[in-house]
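Both complexes shown next keep chain A, but they swap its partner, so chain B is in the first and chain C is in the second.
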Partner chain A sequence: MSQYKDPLRVLIFMGLILSSFTVFARGVYQTDQDFLTEVFNNSVPKSKVVWMKADLASTVAELLGHKYAGLRIRYWRNEQRSAWILEEIGKEKPITFGIVVAEGKIENIKVLAFRESRGGEIRHPAFTQQFKLVQLDDMQLDRNIDGVSGATLSVRAMTVVARLALYLDKFTG
Partner chain B sequence: MAILKKTVVAMSVMVAVSSVQAATPSNEEMWVLLQQVQQQLTDVQQQNNQLLVENQSLKTKVEQTEKTVLEANETVEALAETTEQAVKAVSTSANNTTIGGYGELHYNNLEDEDGDKTKKVDFHRFVLFFAHEFNDRLRLFSELELEHSIAGESQNGEIELEQAYIEYDISSQYRVKGGLFLTPVGIINETHEPATFYGTERNNVEKHIIPATWWEAGAMFSGEIAQGFSYDVAISSGLDVSKEGTKSTYKIRDGRQKVSQALADDLAYTGRLKWTGLPGIELAATVQYQEDITQSQDPTAGSATLFETHAVIQRGDFGLRALYAIWDLDGEGPKADGYDEQTGWYVEPSYRINEYFGVFTRYSEWDNQAGNAVDSEYDQFDLGVNWWPHEDVVVKLDYQNQDKPANGESDGFNVGLGYQF
Partner chain C sequence: MNRKMRSLHRSMGALVALFVLMLAVTGILLNHTSDFDLDKRHLTWDWLLDHYGLANAEADAVYLLDRHTISQFGSQVFINAKPVTQSHVPILGGVMIDDLMVLATEDALLLFSPEGEFVERMGDSVGVPAMIQNIGLFHGDPVVQTRNGMWRSDFMLDQWEQLSLNGVGWSEPHAMPSLVQDELSQYFRGNGVTVERVVLDIHNGRILGKYGVWFADLVGVFLVLISLTGLWLWLRRRL
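Then we have the complex of A and B:
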């Protein structure tokens, strides 16, 4: 075990090196407006709203696993796609997601803002690309989403908003 | 002749004129007719005027209605916006302080090769989390645990403060926490809610070798180097495995001071690298160095180093957990009875049958006296099932078979009920 005899110096050195090019997990990665501008190539359509009336509210609650806190959900749609900006709590804090749906399938899903202490790995493209072209099958996503160890609740949040966006795209389409 | 012709013609014209005059209304009649037509025209004109007025009135009403609808829409929009903002404000305010928790009830039914049976039911852990966000960059997290239902003198249980730290985002690049926090090592030390792992009881390798659940007081610096590649470095209080009081060995697990008037003569330095670059995969390694693992209480002991590495893989329905950990203790004291090396490993494949059920098996070996030739190794085989009626609630049933160096073999089954929120 002689290789571990002086780990303090190793740790300090490692900390200094790593901290010099750290990218931290919490924060706003993209504003809502920048997301919409990107999705619609600078021609953002006028927003519409879908009200949480009784039947819809019940279905949305089923999809989320809890009641939706707002009165309506705002969305943007042109001929090709719809865009949704949805918030869902992971463990304690709301995570803001931007979701693009085209022809009933997820075209893109992004974490716009992450406020939890753990689970920020879900924002990485290596994780989000699993959602590409996913669609609803009997209110469930039609393919398995591999999780992130120690970030179960953040993964769950992304999965439920993906389901909600797919459902609402069909409901309002 | 010419005169006669003119006369005949003249007479014919007169006859014709007189006959015409007999079929045409008189001037008076014509006047009456004209007056009637004039009246009708006047009536029509009046009707037109009236219609115009009515049309104008309707147009005004339509415009007023449109305006009212528009105003109503704007009012509804403003009302909805205000309500949502109010709900959000209340929610955000309320969410500044959050409560969570988990708990697990265990039933153990075990029998050793001498026929001695152990049947116990125990509410092993009742845990409450309290967190508070002072602002966007500064927050508190705490975990309070009641073990074995009842705490107090001569009782089986205890109340433990397992986490209580302040975390601060120094900038978008750096994060630091100070206080009492879980040591960044192993698989279950930081994430141990019952719904997140297989088996009623936590695995013995992490329990006896790491030793989970393990917390210390100090400061920790964390960050992420690149996508899915993170690190933690910590300076904290350390273990005390000196042979004093109720402690009779240099067993690592017995050295947990639990930050309860803990001796802090000698510190511990911990570093972890973790890679989660692919969905469903975690690879990590931790090194910890302790200046003196007896807090300078035992002159025959000295520094100690822990090395731990593990993999967590969940691809589709298949899962695999594997962990290896080894402690190296300096000094003649630990070496005398083989405590200078304490090591263990396990491998745990699992399969998620559907949303509600998953099965697993685990093989583990651990030895707290691996430094000598005496057989002191434990090994255990586990096989079981988890049932999640809800993703945050789990019922567990498993069989275990353990080989002990002294008391031979024991086996039996465990049943667990767990929850988290």
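Then we have the complex of A and C:
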């Protein structure tokens, strides 16, 4: 008897197909230390901090759309580039981003850790490559970033964090 | 076989019909949380707050640092009765370094100003040792006990050396001071429970505790069986 005439086998087959579509977005994709080691080719410079004093704090709040949750931000810089590890809430939980800025432009942006059940598509290079060579133009990115259906808040988080990193790179440069 | 399958299909359908209705209605509401502002509306009914144990919320951890009470309820960290930050891992202890409050989790140090403002989270990117079990002070220097040994730093917290020390003043949990407990109870009752939380707990059975969750699982199993028996009957007809 052909397997297509056996309903039980068809049901099992369909069950297996459906279960394969389960997508787990949550996870730590790269530790902070590994990110920095990769960015600076094993020669990670000593970190520095920038304190959120009054004027800077209000500019940062304007960039993020809310007050920054911390009194200082740590960064790493050598002659060629600066690296920033920043967190921003997606829908409810923080997403950890690693951003590399060189010559005032985004060299690389990565999702280091994603903690929500949806919206993790932003970690894929197909999405993040939109940010390559993006720079600030009057506090906005100089390029439009295409969204991802079902990941609006994650896309927003990555966009504001990119703006913040570009601004802070210039501020601390 | 068909008759038995049909009878089984109908019986299970009748059994779960009401629960399917409940799942559908709560599911639709949850899909439109933002449209209905379900996460911004709060319920403050006494019986509901008692059911959620909010009136008598117990801290997962309490530490005293100088004149401040550090407590953690779930992922929310409080300094005295003021929410200051979220931590999805437990606070394991805390010390004062100069006038900074330094709280330890298993993979990071959380720094707070004397006014209780969050300063920074310092993790492996600045060399803070991993797998922290406790934090203490040795002649004013911060020391962490990890699963890989003991480490000491200075007030900058970004250079750590591994060593073994006796006489470290380790952080210890403390009972919640009654004054802070009263303020925190007021804080929890004041906000109430979001409508979203209540709808979600009805949807997944959690409103009735662990038995409600198992019951929701059982309804789920019935729905799977109904789907499979229904598909079976449909396929038998077609094939």
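The working rule: the second predicted complex is superposed on the first by the 152 of 173 C-alpha atoms of A that agree within 3 Å, B and C clash if a C-alpha of one lies under 4 Å from a C-alpha of the other, contacts with A are read in each partner's own complex, and residues count from 1 in each chain.
Throughout what follows, a contact is a pair of C-beta atoms (placed from the backbone, for glycine too) under 8 Å apart; a residue touches a chain by one contact, two chains touch by 3 or more.
Note that the structure is a prediction, hence the values are computed from the model and not measured.
In the superposed arrangement, which partner chain does A:148 touch: chain B (first), chain C (second), both, or neither?
Once the two structures are laid over each other on A, A:148 reaches chain B alone.
For A:71, using the defined touch cut-off, is the partner it touches chain B, chain C, both, or neither? Pick first, second, both or neither.
A:71 sits against chain B and chain C alike.
For A:156, select first, second, both or neither according to whether it touches chain B, chain C, the two together, or no partner.
first
Should A:31 be classified as contacting the first partner (chain B), the second (chain C), both, or neither?
Once the two structures are laid over each other on A, A:31 reaches chain C alone.
Using the touch criterion from the header, give the chain among chain B and chain C with more contacted residues in chain A.
For chain A, the partner with the higher number of touched residues is B.
Look at A:90 in the shared chain and tell me whether it touches chain B only, chain C only, both, or neither; answer first, second, both or neither.
In the superposition, A:90 touches no partner, neither chain B nor chain C.
So, does A:127 touch the first partner chain B, the second partner chain C, both, or neither?
A:127 contacts chain B only, not chain C.
Taking the superposition on A as described, I'd like to know which of chain B and chain C A:117 touches: first, second, both or neither.
In the superposed model, A:117 contacts chain B only, not chain C.
Which residues of chain A are in contact with chain B in one complex and with chain C in the other?
Shared contact residues on chain A (touching chain B in one complex, chain C in the other): 4-5, 7-8, 10-11, 14, 69-72, 93, 115.
Can you list the chain C residues touching chain A in their complex?
Chain C reaches chain A through residues 85-86, 88, 113, 117-126, 158, 228, 231-232, 235-236, 239.
Name, in rising order, each residue of chain A that touches chain B in their complex.
1, 4-5, 7-8, 10-12, 14-15, 18-19, 21-27, 69-72, 91-93, 115, 117, 120-121, 124-127, 130, 144-150, 152, 156
Which residues of chain B touch chain A once you look at their complex with the stated criterion?
Residues of chain B touching chain A: 80, 83-84, 87-88, 91, 95, 98, 100, 131, 133, 136, 139, 141, 167, 169, 171-175, 187, 190-191, 196, 221, 223-228, 231, 233, 269-271, 276-282, 287-289, 305, 307, 312, 314-317, 328, 391.
Can you list the residues on chain A that touch chain C in the complex?
4-5, 7-8, 10-11, 14, 31-33, 35-36, 46-47, 49, 69-74, 85, 93-94, 115
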